[in-house]
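This is the structure, below, for whatever I ask next.
Lettered A, B and C in written order, each chain numbered from 1.
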């Protein structure tokens, strides 16, 4: 059975390079973006961040809680809410058809049309990201009724079902409600929803953090497979650096609102430049090596005053 | 009708991470309120107005009777408007309206407080204690509360009052009847809160450590329930005053006491409004309205403690307005 | 399925409780209602013999010959047969007949007014919660003030203005007494005209509670993740407001509707007193003043049954609109 969503969109020239070195044309450019929380004593959550996302690449965004990676992701799509305010910078969208758009100054209606169609998101902990009182089909289809108003009802239903099957969820689940699905299934539904309009970029904010490790691996495999088939770029936000090393093309490390290192995944692993990157890499216990190594090595470094 | 379902689904404090993190990391100011101060509402203009109204009327009721003349003296003046001698005019039998108002306010406050306390004690017993014990007691209490809740209150009060001969309808009888018919709603709200607290870690820890039930309730659970209890008490007082006023207006009120409700009853029977004697009819109702509004405004602030999202919403509004001004 | 069965069972228990209350109250309270009642009965020309006395003792107590349990059983049997006694204040009408003529008036007035105030309150509350920081915010303290006002006081003032001073609307009665009751067009329009002021006062007094509850829930709901998802999906504002925010925020209001209905029905007694509206509430008051105990009991029973019935309908409705309840039980 042909699946409408897997129409091959990969361009030949983008296939020429190996995956890790795939650096096609830029699709999203962030220049000197700063976000401030206007509270009693204002706090800079994102400080002067610049990065470029290439078409079809997986860019990992790593850092601990509160470093500003989620704020950055929300700000790009202007989903940030007061008291957060974008104080400086530019976000430019380089569309497939050649046009450039300044996202921060898009009119509200144009922003609404842009969202999900060109850039979609998968939020963390799909516990609450799905509307509890309407069924899955309604939530998938309203994306289509909003952004593809010309589509007929039968076509919409087919696409919604196809999207679910693409992520490995049975079509019959269209009738279910959010509370009837397991955590892993809900996350898959979120991913299916994000794919519906075949966006060019997907921002994923800790999509697997709330799931157990086995389910986590399955979801990750789906994401990489879908990216390979449909060729969308991914900004993958997580605190789990080893996970990023597995799937990303490039990795950006954030600390206190700034990007302290941005390089190919391979390089981050083999030759980390910044002290914080090195600290992050050391903070994950390994499945190999001596038992107790991980804990003891931290203690030893403290004694020497080097950590 | 007063705010009958204040935040029916109270959620426990979970300030959005951004605000909390932002305020924590700010260098000097934005000091987090420690311990007990967390329980107190932040001062807003609305809270100030509410407290002001309640205090003024409360003082009027407590001290007023000592300062005004005799409310029962009958004079040959008929219904006279406000003038130098009588600030609020006279009733159809020449009685001083202002004096009556002072005593009536005191009467209403008394009954409001009495019923408020009784109803809150009842709802605390059925709502908190029953829920905490759990098991069959919990189920039974809950069923009992729900059944009482569903049976319409005022008709029940009317029927009970109807069967009691008028000479026995004293202040205490009316108070008890009102309390018995109004505790059920509070009990349900308190039960919901206790249910969510019962499963908290620190309660489980106390039980495991072997603390007796009464101690766990009073030390671990009650302090967290205080805002909700306070809100329910305020609400009980409002509805008691309104309920008593309604009863008196229907002629079923306490027979030997003077409240704002009985004052309105006499005003209505004396054809105050149709004859244009607004000074007799308007003030008692206005006092009830202002007092009730004051209490409701206080309840707003307590609601913010129970449901911090409301407080954040207010803060966001202020910040949004401020940042809009800055951007402009 | 389980949810519906449980709800039904609960309401059966509540009905039983109401019947039992009706049975117990006259027996618990001081005084001898039967003697008073029979005296009044004779005044109005009724004939009192042993069976009449027995019949009233069944309703009101005072019978020392038969056991309480058998009295209770006979009482229940009578209720189910529809025999609630004869009214004294409307002699010789049966209690059931008095109720039958006045119940529709109350149901129509109260039903309409409640639906109106709920719809208006919830809708306004949704808007106030959705866009904080606009002039709509002032609706909250305004309607709260209105809710703290004693209902009848507000009603009487409105009566004074609209009726006595301006003569715009009729202030007493349910319809123009010059007309014959029936389903004729003049009668129906007259009934509607007489219902405007009472309904208006009910709506004004109760809209505040709905507005506040809905607004608070909107504020809570708007911070939920699925709202953020909906915005990220680029959905139209209207759809987010209706299907994502309001649809979820209204649930506690629906759950609380049942509770407030009891208050509204109770309040209808006051309304009907103020406007001399020919509904069940005014009959209840007449019964109290005339020591017409049988009528009092019968009215209380019917009022309670109506409230319970409405509550049951709303609770069943809740099971439909919130899919999680069916799973929870």
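To be clear about the criterion, a residue touches a chain if its C-beta (ideal position, glycine included) is under 8 Å from a C-beta of that chain, and two chains touch if they have at least 3 such contacts.
From a predicted model like this one, the values you see are computed outputs, not experimental measurements.
Taking the CA centroid of chain B as reference, the farthest chain centroid is that of A. If you compare B-C with A-C, the chain pair joined by more contacting C-beta pairs is B-C. In whole angstrom, the spacing between the mean C-alpha positions of chain A and chain B is 50. Taking each chain's centre as the mean of its C-alpha atoms, chain B lies 23 Å from chain C.
Centroids built from CA atoms put chain C at 54 Å from chain A. Shown for chain B are the residues in touch with two or more other chains, namely 316, 320.
Residues of chain B touching chain C in their complex: 1-9, 11, 16, 46, 143, 146-147, 149-156, 158-165, 168, 185, 238, 242, 245-246, 249-252, 261, 264, 268, 273-274, 281-282, 284-285, 288-293, 295-297, 300, 303, 307, 309-310, 312-314, 316-317, 320-321. Put simply, chain C touches chain B in their complex at residues 10-11, 13-14, 17-18, 21, 25-26, 29-31, 33, 132-133, 141, 144-145, 147-154, 156-157, 159-160, 164, 205-206, 208-209, 212-213, 216-217, 219-220, 222-223, 252-253, 255-256, 258-260, 262-267, 269-270, 273, 284-285, 287-289, 293, 296-297, 299-300, 303-304, 307-308, 311. Against chain C, in their complex, chain A makes its touches with residues 77, 79, 111-117, 120-121, 123, 125, 127-135, 138, 142-143, 146-147, 177, 179-180, 190, 193.
Chain C makes touch with chain A in their complex at residues 224-226, 228-236, 239, 243-244, 247-248, 251, 321-324, 327.
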